[in-house]
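Below is a structure I'd like to ask you about.
Going in written order, the chains are labelled A, B, C and D, and every chain counts its residues from 1.
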Amino acid sequence: MNLALLSLTLPLVGALLLILLRPAGGRWVIMINLASTLAAAGALHQVMQTGTQWLELGGWQAPLAIRFQLSPLAALLLLFTAGLHLLVALYAARSRHAIGGEDFWPLSCLLQAALAALWLSGDLFNLYVTLELLSLAAVALVALAGAKAYRPALNYLLLSLAGSLAYLFGVALLYGRYGVLDIALLSELAEADVTTRLALLLMSLGLMLKAALWPLHLWLPPAHAGAPAAVSALLSALVVKGPLYILWLLWSRIAPVELAQSAGGLFAVAGIFALLCGGWSALRAPYLKTLVAYSTVAQLGYALLALGLLLRWQEPSLSAALWLFVLAHGLAKVSMFLAAGELQYTLGSKRVRALKGASQTMPLALFAFAVAGGSLIGLPPSGGFLAKWLLLQPLFQQPQHWPWAIGVLLGTLASAAYVFRVVALGFDRARPTPASFHPDRLAQWLAMLPALLVWCLALISKPLLLWIGGVSQ
Amino acid sequence: MPEALLYWLSWPLLVGGLLFFAAGSLGLLRFPDVYSRLHALTKADTLGLGLVVAGLSCRADSLLEVGQMLVIWLLVLASGATACQLLARQAREEHGDD
Amino acid sequence: MTEWLLDAVLALLLLALAGGALHARNRYAGVLLFIAFGLVLALIWARLGAPDLALAEAAIGAGLTGVLLLAALARQPAGSGAEGVSFARHRLAAAAVLVPLLMILLQGLDPLAEQRSPLPELATGALGQSGVSHPVTAVLLNYRAWDTLLELAVLLLALLGARQLGPARFEVERPWPLLRAWSRSLAPLLLLAGGYLLWSGSSAPGGAFQAGSLLAAGVVLLRLAGVLPALRWSFWPLRLLVLLGLLLFLAVAIACAWFGAGWLVYPDGWAKPLILVIEVAATLSIAASLSLLVVGEAREASA
Amino acid sequence: MSTTLFWLAVGALLWLIGLHGLLTLRDALRRIIAINLMGSGVFLVMIALAARVVPSDPVLVALVVTGLVVAVSATALALRLAGSAERGKSS
């Protein structure tokens, strides 16, 4: 547990010192992220041996005070957060256009600390405070992009606050009903009465609004497209996953079984709609970063589908699919957004049409975009394919659930459509858009690094599946 | 005996204070321009508060409480007067002497 | 009977002010009604037996939020807010939507009145070792100290976000002598009240947040009266003051984890001094953050 | 219709008024006021629950104090954003 706390406090203290002393941020943040990644890896290694560890903050017994819960899944998410921050920091240190201002460095460290506090916390109100921390950090980061990003940032902030307050209303109801805020204790006490159903409904609405899950996703594309490239990578890969983790905690731990099963169906249907609507909007998006933002909404549909089926059939192996989706989507989306930012900056235009002939002018960036797109589609050797394979396993065993497979098929079709729309434009070399200046090769290699990592997941697929299968118990 | 006397004495004071507050609010709603409204507000409400403080101090069980209420009343007096001056000056600068 | 009358009047006033604040004809009336809403809400907190909250609501909710709203209103070009939709026409439509939703919520809320929670007994029971005698301060700074630490980070984040949104030039033309004299005499009073609130926090309603917001009100008043120079972010002692609360809290937490028994576990006997030090630092950083949020100016303040 | 339920109902109604205002109004300042009303509504629900026991539940009061400061800092950020967005649009 101490290593996990180290991985949490390093970025927090680092951010405070960065604000106070205002050094050149790049190098320091890379060192902080490296150290916190190693700490998270140590914590994960330790927790795989000893199993879930608990820490009562302040030494008080469970119901009174906050409890930290370091499960293998939480440690994996800590490592995932620190790793992604490291990758983005490496790219951002190289190409300064992608961060929008020197304030990016302390804010990204605070974002990492907020996420670490969220993964570790086991208390409902503490999760509310971490959610607020997360959304304020995300809004401050989006607002870095200058005046054009203020309106979407304001809309994002207001809707995110409304979501937090709906979540807080649910927490107040649960506390009123059971008198306890700790998740582990609540999971023993919860029973399916009208107050619990209303509380879970309110909390789920708030969390779906904050995680931009299908019906409540309209704020995401303008906010993520308007933000600087490195910021939108962090937002799409990490910030929307926090509320999803809490949603999973709520429904798989606290909710009684019959409530979870009835909600599972709704989540699965919402997932299918997210896939279709996200894919359709991405197909028609005129701007490159809006396309990638809509693809986030679509890919979250897979996670929602996995969550829905997990709850509906009470099939624990599906939660491994859910978390593999989160990992694979995170890595692929970081690479896609960084490549899109690089393309947009060098070719000088935000439109998708400007990518004509990009395979000639900027081959590396387009290759990174295509490789990341491959993982989003789920082409065989990539992480995305592993997650989809895990998702489809129960469907093969019980053939009577075939309609869900049709949904997954349509989702794959939609994501393939919008990725190949970009790639096809890239290879149309009739009148290539000239690069406004000599493209920076190292930046493109750094943008490609996460995509290569997501394809390396396939090399270690056997231990990875066993390991994640064990993790999500 | 003095407690009962004080108790009955506090009723007229409290009702008087209430009346002054009502007069102040009525003045705020009905008076035509800024200055008369300011006048109504600061004068009537401060006096109303004074009467309420007097009424409550009859019922107070310790002198400390009476002292606290008096300090509060002095603070309201001072801040009311200053605010009234500032608002009146602001109004004069914006509209001139219409 | 009279208790019912008081509740009904307060609740009616609260809801009327809320409706008015949202749907008033022009924005200025809306902001004023919202400030009145904050004060009535402070009354309701006192009525429901939460004096800490009444203090905090009056100081932060009605006071500083009101100043923030008025400052935002002053910066915006006049007349652009005349959009006040005539609420009369929409009232029926709104009621038709809200009432069924309220019925649904009430079904969920109904059984809560009889439930009881074990936490109050636990909190007051463990007061002995918590180092303070007022239960709310014990919860804030000892049982759930992690919440308070994260919450200081939330305030810092709001300041970081607001700071880089371009220069907030604060044009103070020539402050009136009356305002300067009044702010000079009021400031020590606010300082005294803030210090008292901070000190009494360990045994009576009060504490870091209420004291911090009172001090911030004093700083804002002095800045508006032109007595204080411009508060600039580039001035590093001010940055240190803003970060002081969080840095100290983290230092205590890490020191406890390193040498003591665990994360945020105050060594026994040390609880009271540690809490006092943390509370003083938190008050100063809250006062600095809130006043920077209201009257802070960006680096390149106009010459 | 106990006192607790009365104040719970008032809090829930306040939350709904804020939510309705947030979704229907277009002006940024009014939407920020709507968010504050929603926050006050939830806090009223929490304090109504706290008032069930006579010395009111210290845990809930502390949670609401924390929530209040979170609400103020979010409002301050939202107002600065609204102001800059307005200035950006008009200049």
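Just so it is clear, contacts are C-beta pairs under 8 Å (C-beta built on N, C-alpha and C of every residue); 3 or more make two chains touch, one makes a residue touch a chain.
Here's who's who by UniProt: A = NADH-quinone oxidoreductase subunit J; B = Monovalent cation/H(+) antiporter subunit G; D = NADH:quinone oxidoreductase.
Since the model is a prediction, treat every value here as computed from it, not as a measurement.
Just to note, of A-C and B-C, the chains joined by more C-beta pairs in contact are A-C. The distance from the centre of chain B to the centre of chain D, each centre being the mean of the chain's C-alpha atoms, comes to 31 Å.
Taking the mean of the C-alpha atoms as each chain's centre, chain B and chain C sit 27 Å apart. Chain C and chain D, compared by their mean Cα positions, are separated by 12 Å. Among the residues of chain B, none is in touch with two or more other chains. Touching of two or more other chains is recorded for residues 64, 125, 129, 132, 136, 139-140, 143, 147, 150, 173, 175-176 of chain A. Within chain C, the positions touching two or more other chains are listed as 105, 109, 112, 115-117, 119, 123, 143-144, 147, 151, 154, 157-158, 161, 165-166. Pairs of chains meeting the touch criterion are A-C, A-D, B-C, C-D. Within the complex formed with chain C, the chain B residues making contact are 75, 78-79, 82, 85-86, 89. Every residue of chain C that touches chain D in the complex is listed here, in rising order: 3, 7, 11, 14-15, 18-19, 21-23, 27, 30-31, 34, 37, 41, 44-45, 48-50, 52-53, 56-57, 60-61, 64-65, 68-69, 71-73, 75-77, 80-81, 83, 85, 90, 94, 97-98, 101-102, 105-106, 109-110, 112-113, 115-117, 119-120, 123-124, 135-136, 138-140, 143-144, 147-148, 151, 154-155, 157-159, 161-162, 165-166, 168, 207, 209, 286, 289-290, 293-294.
Taken together, the chain D residues at the contact with chain A in this complex read 15, 18-19, 22, 28, 31-32, 35, 38-39, 42, 45-46, 49, 59-60, 63, 66-67, 70, 73-74, 77-78, 81-82, 84-85, 88-89. Touching chain B in their complex are the following residues of chain C: 176, 178-179, 182, 185-186, 189. Within the complex, the chain A residues that touch chain C are 2, 5, 9, 12-13, 16, 19-20, 55-61, 63-66, 68, 101, 103, 106-107, 110, 113-114, 117, 125-126, 129-130, 132-133, 136-137, 139-140, 143-144, 147, 150, 173, 175-180, 193-195, 197-199.
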